[in-house]
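Multiple structures are listed underneath, in structure tokens.
You will see two complexes here that share chain A, one where it goes with chain B and one where it goes with chain C.
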Partner chain A sequence: MIEQTQTLHVKENNNTVGGRLLQGWDRFVTALSLPLCSLVIFLLLWSAVAARINTSLGKLPGPMQVATQAKVLWNEHLLERHKRKEFYERQAKINAEKLAADPTSERKVRKYTGKPTYLDQILTSLLTVFTGFFLASIVAVPVGVICGLSRPVMMALNPFIQIFKPVSPLAWLPIVTMVVSAVYPNNDGFLSKSFINSAITVALCSLWPTVINTALGVASIDKDYINVARVLQLKILPKIFKIIIPASLPLIFTGLRISLGVGWMVLIASEMLAQNPGLGKFVWDEFQNGSSDSLARIMVAVLTIGVIGFLLDRVMVLLQKAVDFGK
Partner chain B sequence: MAFLELNNLGKSYGQGEQRLEVLKNIDLHVQEGEFIAIIGFSGSGKTTLISLIAGLLEPDEGEVVLKGEPVARPGPNRGVVFQNYSLLPWLNVYENVALAVNHLFSNWSMEKKAEHIKKYIEMVHLTPASHKRPAELSGGMRQRVAVARALAMNPEILLLDEPLSALDALTRGTLQREIEKIWSTNRKTVMLITNDVDEGLLLADRIIPLNPAPGATLGPIFPVHFKRPRDRVAMNQNPEYKKLRNEIINYLLDVGSKRNIHQDNHRWTLPDLEPIVVNSR
Partner chain C sequence: MKCFRLFFVMSAILILNLPTVFPTISALAAGEKLKLEKDEITLGFIKLTDCVPLVIAKEKGFFEDEGLYVTLQAQANWKVLMDRVIGGELDGAHMLAAAPLGHTAGLLTKAHIIIPYVLSVNGAGITVSNEVWQKMKPHVPTENGKPVHPIKAEALKPIIEEFKAAGKSFKMAMTYPVGTHNYVERYWLGAGGIHPGLYTSTDTSGMTDAEVQLSVTPPPQMAATLESGTIHGFCVGDPWNQQCVFKGIGVPVTSSYFVDRGIPDKGFGVTKEWADQHPQTLLAIVKALIRAGQWLDEDNGKNRVEAVKILSKPEYVGADQKVIANSMTGTFEYEKGDKRSEPDFDVYFRDHASYPYYSGAVWYLTQMRRWGQIAEPKPDDWYDQLAKKVYRPDIWLKAAHLLVKAGYLSETDIPQTDGYKPASGDFIDGAVYDGRKPNEYLKQFKIGNTN
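Our next item is the complex of A and B:
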């Protein structure tokens, strides 16, 4: 009798607002608890193992040291920004005084020459990867569409795709550097050579997944859609833009998502070698620097690279969901 | 000269040894405004026949002649309603019909085109669902959009390739009535491919069975003389209807069984093997 009453009691609660909130909270906690548990275990293991490994640069940093260095990097960034602001204010003040004393004197405006902070480097990396990804996409999507539409073209280009796909960015970089130096001899101009080298290397390595997926998407669209185009007697260009591309968008976006992931990985390596002032250069400089904090700072960089890569992937997944039309 | 002529049409697939003759000696004359139903078994080449008339396939023998001109390629004057609807899934109902209208009547004004599109969506009773995508529609609604799109092209002949096969029997009954209503206002020439004899008797002026593959030919023509509008319930009591229905079904079963006997004559040679005897204790 008592058990019956208890069951009824629980059933009553489930449909109230409070009951539903409780269910939602339960689901939230369950979804979080497993990753949280593994995170805690990982942090404990990390500090335990790190304390036992002695490298030439001191003990391997544990989570506490890494967190400290993250804070240090943030403070360095704030300090640098503050110094830059002061510099520009000073300069403006000097110029105003000079102008007040002698209205015909020239204004001297010099650019602040502080070194890039950690956040500047993150921004440079993001800019480089998006440039490379954009370059790759505007080449890969049209090539993929043509390959998907015409089997002879696909058979002609396939050997090149298969052979260049596995090449590492570290192998491309010397060639790219030589070619860019030949074509772009002086270092004046809008973009620095290191930026161009990194962006082109990222493009070269990340265009293959998009080419392959686009070609697959175009080749595998439902024959019925093509029949609709034939009955309407659509010309080739409207057929491509109104039917073929929208039909293969899901696979194109899959390719783009993979390409962005590959590009982000390739970026760090090519930045290291090309000395582009981004996260790759940060890691390389810290390694060369060899101070006792270096390893911790490198680990901060590793975590940053991972988190940014994850966020980039999530953005692509959202874009993919937006174009998915469900059959 | 008939409106649509199929003269000695033949189509085969494959080369050499694997050459499969699907259609052979198809001869048919269709007058303008007629509703023809072709009834056949699955796999007897019905879709091949429709594709040949639409121009989506090229015949190996014979020709398709529409209004005196041989059919060489697909075109909007032969509106096709495919078996799988072929609605573009990234466009909603309005945009799917608009794709056809905007392309074919590009010299019309925007208002005229919009009015035309809305008229045909209203004709199939889908105005409340104009902004839904095919994934959000039921099978019957999707088929109606396909019919609206085909009609909006103002074709000279409407080709329906088993349009109601993928639907349940109740939806099929509703859509058959709708097709009849739409046809009676338009009186276009229609060729309907179906596997349902009742559907043919309800809608068509003439029913022609398609014999089974390989080498499918057209069977005898069964004219359907019942007055329109035809009420399914009333017709079921009509002895003429029952007689005609039985004739057609008997013909189909006859040719079907002849094919089966032909197939059973295939001799299979089994390999000469002895089973392994496993000693079990």
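Our next item is the complex of A and C:
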């Protein structure tokens, strides 16, 4: 009896605010400490192994060198921004003087011709991947819905999907480059050809997971929903937008999430060859530099690519949770 | 007193306005500013030391003096660079001196490209792996314990035989099928009695009858593949030869100074179409490049150290300063520790190096014929006409005269020539080359087509 009372007593405590906070804190610490421990062990192992490996490009960079280079890249970025600011100020001054001297004189505002900094390159990569991903999605989702709704269409398109799915971006790139050059012969366009080549290659490689998952999602909708549509005598378009798409959203989003991941990987490879000024070009240029800092800088890029890929994935998960209902 | 006061006031006004007067003075000095068709241009380059005139023209403000706002963009490899110039994404680029000839002749993507300015003369090296060097050393004549330079490919012949007997293939790399390094490497091998392979109608890789198999590899991968043993040697521009010495993965055996002295290595190229649409802009670019070349070779290379510092920035060549300096400041290191004085390892302006002589173009054409890239024998005037189509000393001369007028160049910097250098025997095999008689020149070779 006394034991029971004691247990009840303890249980009551857990339901107080204090108790709940403590439980939350416990969970937080456990959730954080395990990855933190493994991170520390990883860093220690990395330093130890790096110090022992001697490549022809110097010792494999350890975490300290990589951190130093990350700082160097940030400083280079600040320096370049400063130079750019100075350039525009100089130009504004010259233009103002020209205006004062002769109001009718031609004044041009020219773009700064300095190199793109590391942050500029990250932004270019993100912009390119989102463009490619967007292109892929607006093609893949409708195709996937049609495939899911109609078995004959699915059987007709399946061979193409299976054959084009495994094709590497480096194989697509020469073809894409030539087609874009033919269709877009001048260079007066708003977008540079290297950007278009990279974006299209990303789209071509990343649309397959979305097609497959959308088709699967549409095909495996609960039969009850279809019956509801029949009962309500819904026309085809309202049926698609009010019943089919919402019901298959989880799988569509899974497909989109995988596609974004694939697209991010493909982007880095295609940038190297298409010369789009993003992270892929950064890695290839550093490889060509072959300086004693190059390996460390490439590792900074590798980590950046990984972190951004992770963040993109998290963004997709959040979006998925936002549109998901019933979970 | 009145005069004095007036004088005083005028000079005060002048001095106070000097900051605004100065730009005008330098503008006057640069000569009448050309009316440019396009002033924001993008030029491509490959991360090799000899892109330096382009970099200096930008960093030292020579482009800006002409009113040009230039973006320099590193390219992934020569194919991408040439495609982007031909396709119009790049206004012009740092090019292998033979590439425009190959493209204009239709050997690769047909495009009429012109070279109004030679960026560099010499500047390439041939490097072999450590094991190959160890095997070569006993066959190289020495003096006071050091190898006698130039090292000829005869020293490599016994190793080739060894490989053949063991059934292994001896592989070497170069940068581009119609590139400087392909021809320098083949010339060196041919001069040593080793057949580097022929191009035929059925063999576009140039390995017919080859004792050494040559293939294209991007420069950074040359170092990596040399180390892994996939290739046994390569020919490339610096800093890659010196990189191999510093990293202990290879030994340079010779340089283009010994193999084909005086032949242009890289040129600044634009498509003929672009040149026709932007003649004044092209003149402005060439003016800036002449000034850059002059700066680089000024006073026995006093500016070279500064050039090295600029080149080692990651957006240009990016290699470590000491690696670039090893071949840019009058020396070249062969075996580790064996640094020799070689002030002409790379020449940018001295001795009229930047003038696009037709004889340089014709030499490359003779080598293209020798190895079969040009499929049939051609008469002498075919060579002359193609050289005149691609190499444009007329543009160089126009730019140089403008600079003389502005006081930057002296008349002695302009060569008195009809475009052909006099006959010379400065090649590793001593063969005499007269650009006016290409077919006669071809006759004297023992390996490759002789007509």
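Here, the second predicted complex is superposed on the first by the 303 of 327 C-alpha atoms of A that agree within 3 Å, B and C clash if a C-alpha of one lies under 4 Å from a C-alpha of the other, contacts with A are read in each partner's own complex, and residues count from 1 in each chain.
What we mean here is this: a residue touches a chain if its C-beta (ideal position, glycine included) is under 8 Å from a C-beta of that chain, and two chains touch if they have at least 3 such contacts.
This is a predicted model, so every value here is computed, not measured.
Using the contact criterion defined above for the overlaid structures, shared-chain residue A:52 touches neither chain B nor chain C, since it reaches no partner.
When the two structures are aligned on the shared chain, A:227 is found in touch with chain B, with no touch to chain C.
By the touch criterion defined above, A:294 lies against chain C but remains apart from chain B after alignment on the C-alpha atoms of chain A. When both complexes are overlaid on chain A, the residue A:242 reaches chain B alone and has no touch with chain C.
For chain A, the partner with contacts to more residues, out of chain B and chain C, is C. On the chain C side of its complex with chain A, the touching residues are 20, 39-40, 47, 58, 69-71, 73-76, 80, 83-84, 87-89, 218-220, 223-224, 227, 239-240, 243, 247-249, 312, 314-315, 317-320.
Chain contact summary for the complex, chain A toward chain C: residues 56-57, 76, 97, 108, 110-111, 113, 115, 177, 181, 185-187, 192-194, 272-273, 275, 277, 281, 284-294, 297. Chain contact summary for the complex, chain B toward chain A: residues 54, 56, 73-76, 78-80, 82, 84, 86, 88-90, 99-100, 103-104, 133-135, 153.
On the chain A side of its complex with chain B, the touching residues are 222, 224-225, 227-228, 230-234, 238, 242-243, 246-247, 249, 323, 325-327.
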